[in-house]
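What follows is a set of structures for review.
What follows is a pair of complexes built around chain A, which joins chain B in one and chain C in the other.
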Partner chain A sequence: MPSASEPTTAPATTSPATAPPTGAGTTRRRTADRVVQVVAVVLLAAAVLAFPSLAPNPYILSAGVVVLNYAVLSTSWSFVGGFTGYISLGHGALAGLGGYGTALLVTKAGLPSFVALAVAALLVAALAVPIGFAALRVRGASFVIVSIALVLILLLVFQSWASLTGGSRGLVVPRPFPDLLRPEHHRVFYYLFAGLLALALLAWWMIDRSRFGLGLKAIREDEDKAEALGTPTFAYKLVVFVVSAAFTALGGGLYALWFGDLDPVFQFSILTGSYLVLMALLGGVRNLFGPLVGALVVGIGLEYFKVEFGDTQLHLVATGLLLALVVLFMPDGVLPAIGSLLGRMRPAQNSIREVTAAELRDQRVAAAGAPAAREPVDAVASTAGERAQSTEERA
Partner chain B sequence: MPSGALLLQSIILGLLLGGLYALLAAGLTLYFGIMRVVMIAHSAFLILAAYLAWWSHSRLGVDPLLSMIVTVPLFFACGVLLQRVLLARLRAVTLTMMSVLLTFAIAVLIEGLLGYVFTGTQRRIQLGYGSASFGIFGARVAVVKLIAFGLAAVALLTLYLLMKKTTFGWALRATIQHRDAARLVGIETERVAGYGFGLGLATAAVGGTALALDTTIYPSLHWHWIGPLMAIIVVGGLGSVPGSAMAAMVLGMLQSLLQIPLGTTWAQTIFYLALFATLAFRPQGFFGGRLAQRF
Partner chain C sequence: MASEIELVDIQAGYGRAAPVLRGLTVSVPAGQIVCLVGPNGAGKSTVLKVASGLLKPRSGKILVGGVDVTGQGPQRMLASGVAHVLQGHSVFREMTVAENVLLGGYTLKDKALIAERTAFVKEVFPVVAQRWNSLAGLLSGGQQKQVEFARSLMVNPKVVLLDEPSMGLDPKATTTVFEQVVRMRDAGTAVLLVEQNARRALETADLGCVLDLGRVHISGPAPQLLADPQLGELYLGGRPAEPTAIPKR
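So, the complex of A and B:
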């Protein structure tokens, strides 16, 4: 935030020795923050890329693929849920459409696997236009209702239309690399999912910094005011919904190519949609890496439950409880909560000096040499510094 | 062309089904009117009531209708607690979205607990009068369906009288219409809102008992109910009780009639088609009032 640091650096050049210590401290802290962020991103990327070599057996590796798939879908969800605040419970269905689209294009139209994936994503994006048109014309409540209806209607259609989709018997998708052994297959798809995740995160980051992203966030904060200020709210919502649908379909299609077997009950499950929401909320929807962190926690938790409790309904109970707790007590997510906790450990952001007035006067006398002439400048400098500090606290 | 008797049978069944839909949609409309909350857990509570009716019949040996003596007050209390303890805690700005997630979480929780306690086995109440039916002009109507419709009709009528004739009903309607103004004239809107939620959940208790009489129940059944119900309240215009009742009757009838040429599965899609058509062409719903404009 350059505007906050400018007034603190300007007086510092006129009298470097008496520069308010807080101002210099903030700039240093910002640089430190940036370094920490870059280091964290590099570490995270290294951890993700190193995982396949560290995984002790193919099962752990396949669990890693599942978690990355969740991370891709949850990040795609947060294009809509994070920027505009419109919560969709139906993204599981968009992923399912991507999966079935890819599978049908491979089996019925004979397209190569990854061409089919791209075409399916485009088709789902095109389908998202009328869906978004119906869902986004009105405010929040109707959007949620449409998103749930989408899952239920697609489940009905894909179960009943057995001649095309195989119905409840499922649909087998030919593997794109038929001569790879299973562990190698997992490894290749692990990197494919990681690449897709990087792409989604990059798109999220670019929107976040753009004017378009600003408009979307304005919708989240107050849609009426955003509209009054000239933001084309409906067009923005529709565009970001279509982008989100395309990424979700890519995630779902890649899953179909990896897993090789589709069943309507799992592809069009409202639970999948709610997992995505839970992951994004848990991690923090306003945060680039929030959905990824949430996917790590929830994805690993889901795998654990599958291993420990098998087919019981306990995973539903755990999901429900966790979702309720997050909504009630941590609606901003884990990352912001940790951030504010760390914020408490930092040097206090206030204007209280840790020196007495007498010591301060002595310091200034020693530093300036000619106290009478320099005094007014010092006063201006220190008040400017404090004001900058307080704007920063508000920001 | 189907025979006249089959058509008549479908119309009667449609009416009976529409009555049940109307009662349940009334509950959803109440929640939405009071707090702008889309209550996903409504149908989960419906199934919970159905399970309690089944349990009281098969384990305690009482008539399922008698289970309402317990479930209706219990659900009323649950509704009051749900509103006062959970929903009132959410931030006002994001209330609509977060309440959806919270009620979704409750629905999943109920489904999971039902599956854990009663297992996923399909259950059905075997009643002495379960297979009894009578004929009118060649159409056969099961007695239990008629009882279910009667329950729904009595509950809806009670709700109507409560809303129109009692002081509490006036206070509740005032709270729905304009909360701040209601508070200004001395209505304790917080308490009234809590009781309103209780009433809404009580409709789920009655509906669940009616449902248990002639339907096979299983824990994940509630997803088959929440979709049509939400479609109904949108088509009727969010927040309008008469609107949702009209939409429930019309759509219930259409579903029943479409079952003849299309079969049960495809007939269900009528609800979603109606939902999308309403939102695309008339987002405020067909019977909607002032409230529906903005949601």
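So, the complex of A and C:
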């Protein structure tokens, strides 16, 4: 019977001699990474803020608003899709609810535009509780199907309920700044969308660093294991779904105020949801700026193809081609691909084995003050020799 | 000696199928490693599932530290002090070792306690401290197992249930893993161990139980079982003519 006095319980070789240099190198590399990241974020923010001044004409500016709208929606989507790995194709519908909610609160209830926007987002968040409660019970493909069903149901409701929503004739939303000329209108909304995007990114970043975020990522990795470790998985999924819905509704509502005209076919379209997923996947779904970068690529691509090919379905073909190329060459998304490209330019990182067998033997000799019984190969195998001996004695 | 966990006369099975455990009784004394061995299908893993609350027994009682916890779910069992390390590799591969370990202490709210437990598991498992910021999926099989051990110790459990910790490991890594099991015990945690690698497991354990057809057929001090000629026969899949009467402790 083994007892505490056996040498097997002696501390294993922690190889403190090798740890400090590795640690210092890693720290330096991490600091460098941090600097690069901060510079990149500052440049990106500067580019986004400078864009309205640089845009040559109001059309380009309005395209910028569309792209930022996509960035907001895609980032909102990634609260669910990025953290928990639940792929929702129904977020277009949540944006549509936000849009119609805002529009109806302005036209029917007479609320001021931005009060209506906030109230609509709260209402959609409240509605997301029962929706999430039902949808988040299923995982994987089933969840995707349920989220599509949400879009189709809402499309039918909003088309048929013409007395309230205007049905297929559409719903005109009064402009919040009636005396602004069109270019100024675009400029103001551009900055409003940029502000909302900053807010969504900030929330994402805070969740990413939190205990809550840790639990969500564990759900993405393996929900059953996460649950077994004591993470309240269902509550977490529901909370993050509601947060995601609120941001999505804000994006949809702001779009309604900007665009001024809503049609159920476009507001409750599976295509919108698919674009959001495409953008997030393309940019890098686990990355804070992934959805934004994806929105820049896909949003600009969509607008360009629409101009180039006119009002045909060819822009969809072109977008599909874009997706195929990304999946082929950057399956993890653009940002991770850039990251690994940068990583390749660095000196090779140390491999799994940090010490050689000879070094380890020397360490053990130094530690034990006696020659090692056997030549260890693995850094973790410490007292294999003694262990084998002692068990032989016992048997 | 006080038992950390006691399964008394457990009947358990899956769905409507015939029971897997038929009146099994096992107890794990404080500070001891108890090893369950037996042929495939004897119900070894099922014992652990019942003990950790993943499977509710049809009848029988589960006592943790003398308190009846029969019928509680996995989270409650964890809170009562029973941690389960699953079969195979169960680290979160795309998360860092640090995140994996911290998830183990997810039910802890007190930050000072979390820091204390983190320091403790880093000390018990040096590999965990060394590879703290690596992605867990990049570690070798034996190292991943130690991360799982560290994760399970975060909540300072009374007893850790280990399901085939040596599965898929080479002999050297197996040795390391068994050493870490001993370290866990010496750090004050009782261990209920299930192993295919019966000889190695019994060499490590304090007590052994041989399972067959859902019952404990032989139990006793592990060295005594190792010397038992019938063990070989049992482990090869045969069954003894009658339950052997090595007296229980």
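Worth a mention:
Definition applied: the second predicted complex is superposed on the first by the 312 of 395 C-alpha atoms of A that agree within 3 Å, B and C clash if a C-alpha of one lies under 4 Å from a C-alpha of the other, contacts with A are read in each partner's own complex, and residues count from 1 in each chain.
FYI, a contact is a pair of C-beta atoms (placed from the backbone, for glycine too) under 8 Å apart; a residue touches a chain by one contact, two chains touch by 3 or more.
From a predicted model like this one, the values you see are computed outputs, not experimental measurements.
In the superposition on chain A, A:140 contacts chain B only, with no contact to chain C.
After overlaying the two complexes on the shared chain, residue contacts for A:157 are found with chain B alone; chain C is out of touch. Of the two partner chains placed by the overlay, only chain C lies in contact with A:230; chain B stays clear of it. When the two structures are aligned on the shared chain, A:65 is found in touch with neither chain B nor chain C.
Look at A:89: by the touch rule set out above, it reaches chain B but stays clear of chain C. On chain B, the positions that touch chain A within their shared complex are 32, 36, 38, 40, 86, 89-91, 94, 96-98, 100-102, 104-116, 120, 219, 223, 226-227, 230-231, 234, 238, 265-266, 268-269, 271-272, 275-276, 279-280, 283-284, 294-295.
Per the touch definition, chain A reaches chain B in the complex via residues 85-87, 89, 130, 133-135, 137-142, 144-146, 148-149, 152-153, 156-157, 159-160, 270-271, 274, 277, 281, 312-321, 323-324, 327-328, 331. Chain contact summary for the complex, chain C toward chain A: residues 52, 54, 74-75, 78-79, 84, 86, 90, 92-95, 99, 102-104, 106-107, 126-127, 129-130, 133, 138-140, 142-143, 146, 151, 155, 172-173, 175-176, 178-179, 182-183, 186, 203-204, 206, 221-223, 226. Looking at the complex, you find that chain A touches chain C at residues 1-2, 4, 6, 8-9, 11-15, 19, 26, 211, 214-215, 217-218, 221-222, 225-231, 352, 354, 377-384, 387-388, 391, 394-395.
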